[in-house]
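Below: one structure in structure tokens.
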Amino acid sequence: MSLLRVEGLGIDFGGLRAVHDVGFSVGPGEIVSVIGPNGAGKTTLFNMISGLYLPGRGRVSLDGADVTGMEPHLLAARGLSRTFQNLQIFQAMSVLENVAAGHHLHEKGPVIADMLSLPSSRRRSRQTRDSAHALLERVGLARAAEHEAGSLSYGALKRLEIARALALEPRVLLLDEPAAGCNAVETEEIDRLVAEVAAGGVAVLLVEHDMRMVMRISSHIVVLDHGEKIAEGEPASIARNPRVIEAYLGAQAGEANDAVG
Amino acid sequence: MPELMQFLMSGVTVGAVYALVALGFTIIYNASDVVNFAQGEFVMLGGMMTVFGYAAGLPLPVAALVAILATAAIGVALNKLAIEPARGAPVVSLIIITIGASIFIRGVSQVVFGKQLHRFPAFSGDAPIPVLGATILPQSLWVIAGALAIFVGLWLFFTRTLTGRAVLATANNRMAAQLVGINTRYVMSLSFALSAAIGALAGVLVTPITLVSYDIGISLALKGFAAAMLGGMGNPKGALAGGLLLGLMEALTAGYISSQYKDAAAFVVILGVLFFMPQGLFGTKTTERV
Amino acid sequence: MRLSTKAVTLLVLSLVIAVAPLFFPSTFYYRVGSLIFINGLAVTGLVILIGYAGQISLGHAGFFGIGAYACALAPAHLGLHPVLAAVLGAVLSGVVAYVVGKPILRLKGYYLAVASLGFGVLVAMVLANEAWLTGGPDGIAVADPGLRALLRGFGVDLSNAQFWYGFCGLVLVLGAWLALNLYHSPTGRALRALHGSEVAARTVGVDVARYKLNAFVISAVYASVAGSLLALQNRLVTPDMAGFMHSIEMVTMTVLGGAASVPGAILGAAILTALPQVLTVFQEYEQLMLGLVMMLVMIFMRQGLLPSLARLLRGRGG
């Protein structure tokens, strides 16, 4: 059974094939990593799955239902959540409010009630506040709750985005390079967090350059090169796959083998 | 039939002016991604300063030249003092800055030049020339010829000169232009000077027909913007086509529907273009990166 | 108990409104005051649109005009009480904002600015040209709403200027309360989120188109009510209430004080309303100054006067 299924997905930009005929699936509790050299089309793939780009070809299904080209906010309502490679933080809002905004689908209500600050509106806000605090606790940002988000370090912002994505209580979580720019300790934190989320039954799709992390936590790996899937399988088999080593690992091959071996 | 001819001719005349304003928008937009809402003020300044230079005893061509150069200098000052310091500001801020500049120039002009309508004599007299049953003013021919000359001259500038190519390169990719050693700040200033001078020239050409007062800039800017959008933002050919089309639409609206609502034509165009063909006639599609 | 920013803001605002008349050198200042409150109300609506949601409108004077003309036309043609006419105007503005906003809010930046501007200019054009209905450029008279007389019935006898000062002040406090409530509510969070990053807001489930439209409609209703207040007080409406310059003035007031801050924007409204009224020299240079303020604020204090000041003080204090 798979929560997220991608079949024959592709898109062109001005005649250029950015992604072509990519397919895979992610089941509940699984962590599937998408790897590939820069420009292989990983982020484009994410943007298609999460509804930011309209795919030119192929199908995306969530829990069996066809959701190809559906608006992101509707996908969110169906339990798909994501983070961004180049951070998309609500800079002017506090750290707590960033996570609170992630609760949007749970806390939204009539505008009139919000303007009049009716008890129903205040109750929704209070519940959001409590669960946002709990999430900040979980990613280790509780002490920064009232800070302006723009003042946080890069690594902290990465974790903030994860907290915001989790606020949605997703069934499918797309993480675009969650550990990029983080130090070893922070990476390990994120590593643990992702594993924990998956253990809770969430289907996790991960794009990551840190090969140690990918090899350690992935249940399955999809390799992209020039927008096409060139390999897929268990971490150990991917690390030994000659096509992958040739196309992508190259200089990093030794490092990847270290991680596996 | 003569009636239609008459409308078409007045449409082409104002259309040529809109095309020049649209061209001014295009040049600055290409160089800096800024939409300069003060573009219409350049037309006003060109006409106004010529009026006062001429009244002060300068020969008309000299007065016009001085007005064009002074307007170009004001364009550069606008870039240096208001646009450059706000580099990287959100679009909303840039909108407010250029509209602020427009209102500021208008306010200064009101104080300096007064609120009256001004004019100077037409270049080749006011005797209408009969054409196909209608008549056209000799000054209209000046306007149309002037606009064509500018478009041709600019095309040569952009395709045949090194400086012109540098401007185009900057428009395509500012970072890459910087890497190959193009001084993009200079290109910005040049673009402002160029589009201010073009606006001023339009003002010089059209003032004998439409007269000039301190407050004509805003509506010209909006119509120029409508024309630029109609043609496809950032495309000089589009500016020409959009300007002429808008001029014709206005003239026909005034002639056959209601002269009171002729100004509405521009906004109907803006809204129509935005909804039905956001890329305009000659525009290209872009994809947003996330 | 520690007071929230919202409570402090409303308290200070009410206090200033109540105490200011003690320092008025003449009754003329009541009139200045009520004008400030009217503009402050319109600008509070724009804070929701520009400051919260990050969307620009250069056509909100159009809604101001709709509210104003409703008070002139509905009593004369439909026999409605002027106060009910104001409500009708607000509803109409809301509906028009919905219909106009739905397509134009898909646009961004320059395009949204020009589309909204076009809308405002069209409204002003209709008001100026359809003289059979609107009285044309000279405007049209508005019936006395009889509110003062009503108050006199309760034994409170205020001069005309005093009455409108108090009434507009009351409506402004109410408007500020609603806007501040919104800021801290789920809807306000969604609006500020889409301002911060539209892409991220969409992926957390915010129906961006719908929320932008909400902000647009709410701000239109604010502008409409402000227009109605001015019409009822002046007993006269003219097309320039809906004009382009008025739209620009409203936006300038909003950004001068601080687009993201209700008290900031009201301060901006107070400054730009009072200056030309109090300093007659200012009148001749009004446009010049307005343009200069717009440029300077956006170049040097992008956050606006009040937030910049607050930051400065906080920096000093701690």
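Order of writing sets the chain letters: A, B and C. Residues in each chain are counted from 1.
Assume a contact is a pair of C-beta atoms (placed from the backbone, for glycine too) under 8 Å apart; a residue touches a chain by one contact, two chains touch by 3 or more.
As the structure is a computational prediction, the values presented were derived from the model and not from experiment.
Participant: Which chain is the middle one, judged by CA centres?
Facilitator: Chain nearest the centroid of all protein C-alpha atoms: C.
Participant: So which chain is the furthest away from chain B, centre to centre on CA atoms?
Facilitator: A
Participant: Would you kindly tell me how far, in whole Å, the mean C-alpha position of chain C lies from that of chain A?
Facilitator: So the centroids are 42 Å from each other.
Participant: So how far apart, in whole Å, are chain A and chain B when each is placed at the average of its C-alpha atoms?
Facilitator: 48
Participant: Would you mind pulling out the distance in Å between where the CA atoms of chain B average out and where those of chain C do?
Facilitator: Distance between chain centres: 33 Å.
Participant: Which residues does chain C have that touch at least 2 chains other than itself?
Facilitator: Each of 199 in chain C touches at least two other chains.
Participant: Among the residues of chain A, which are close enough to touch at least two other chains?
Facilitator: Correct list: 52, 84, 88.
Participant: If a residue has to touch 2 or more other chains to count, which residues of chain B qualify?
Facilitator: 290
Participant: Which residues of chain A touch chain C in the complex?
Facilitator: Going by the criterion above, the answer is residues 50-52, 71-73, 75-77, 81-82, 84, 88-93, 97, 100-102, 104-105, 107-109, 111, 114-117, 121, 124-125, 128, 164-165, 167-168.
Participant: Hey, which residues of chain C end up touching chain A in the complex?
Facilitator: Touch residues, chain C against chain A: 178-179, 181-182, 184-190, 192-193, 195-197, 199-208, 214, 218, 260.
Participant: Please name which positions on chain C make contact with chain B in the complex.
Facilitator: Against chain B, chain C makes touches at 50, 54, 56, 58, 103-104, 107-111, 113-115, 117-119, 121-122, 125, 129, 199, 244-245, 248, 251-252, 255, 284-295, 297-299, 302.
Participant: Which bits of chain B are touching chain C when the two form their complex?
Facilitator: 35, 82, 85-86, 89, 91-97, 99-108, 110-111, 218, 222, 225-226, 229, 260-261, 263-264, 266-267, 270-271, 274-275, 278, 290
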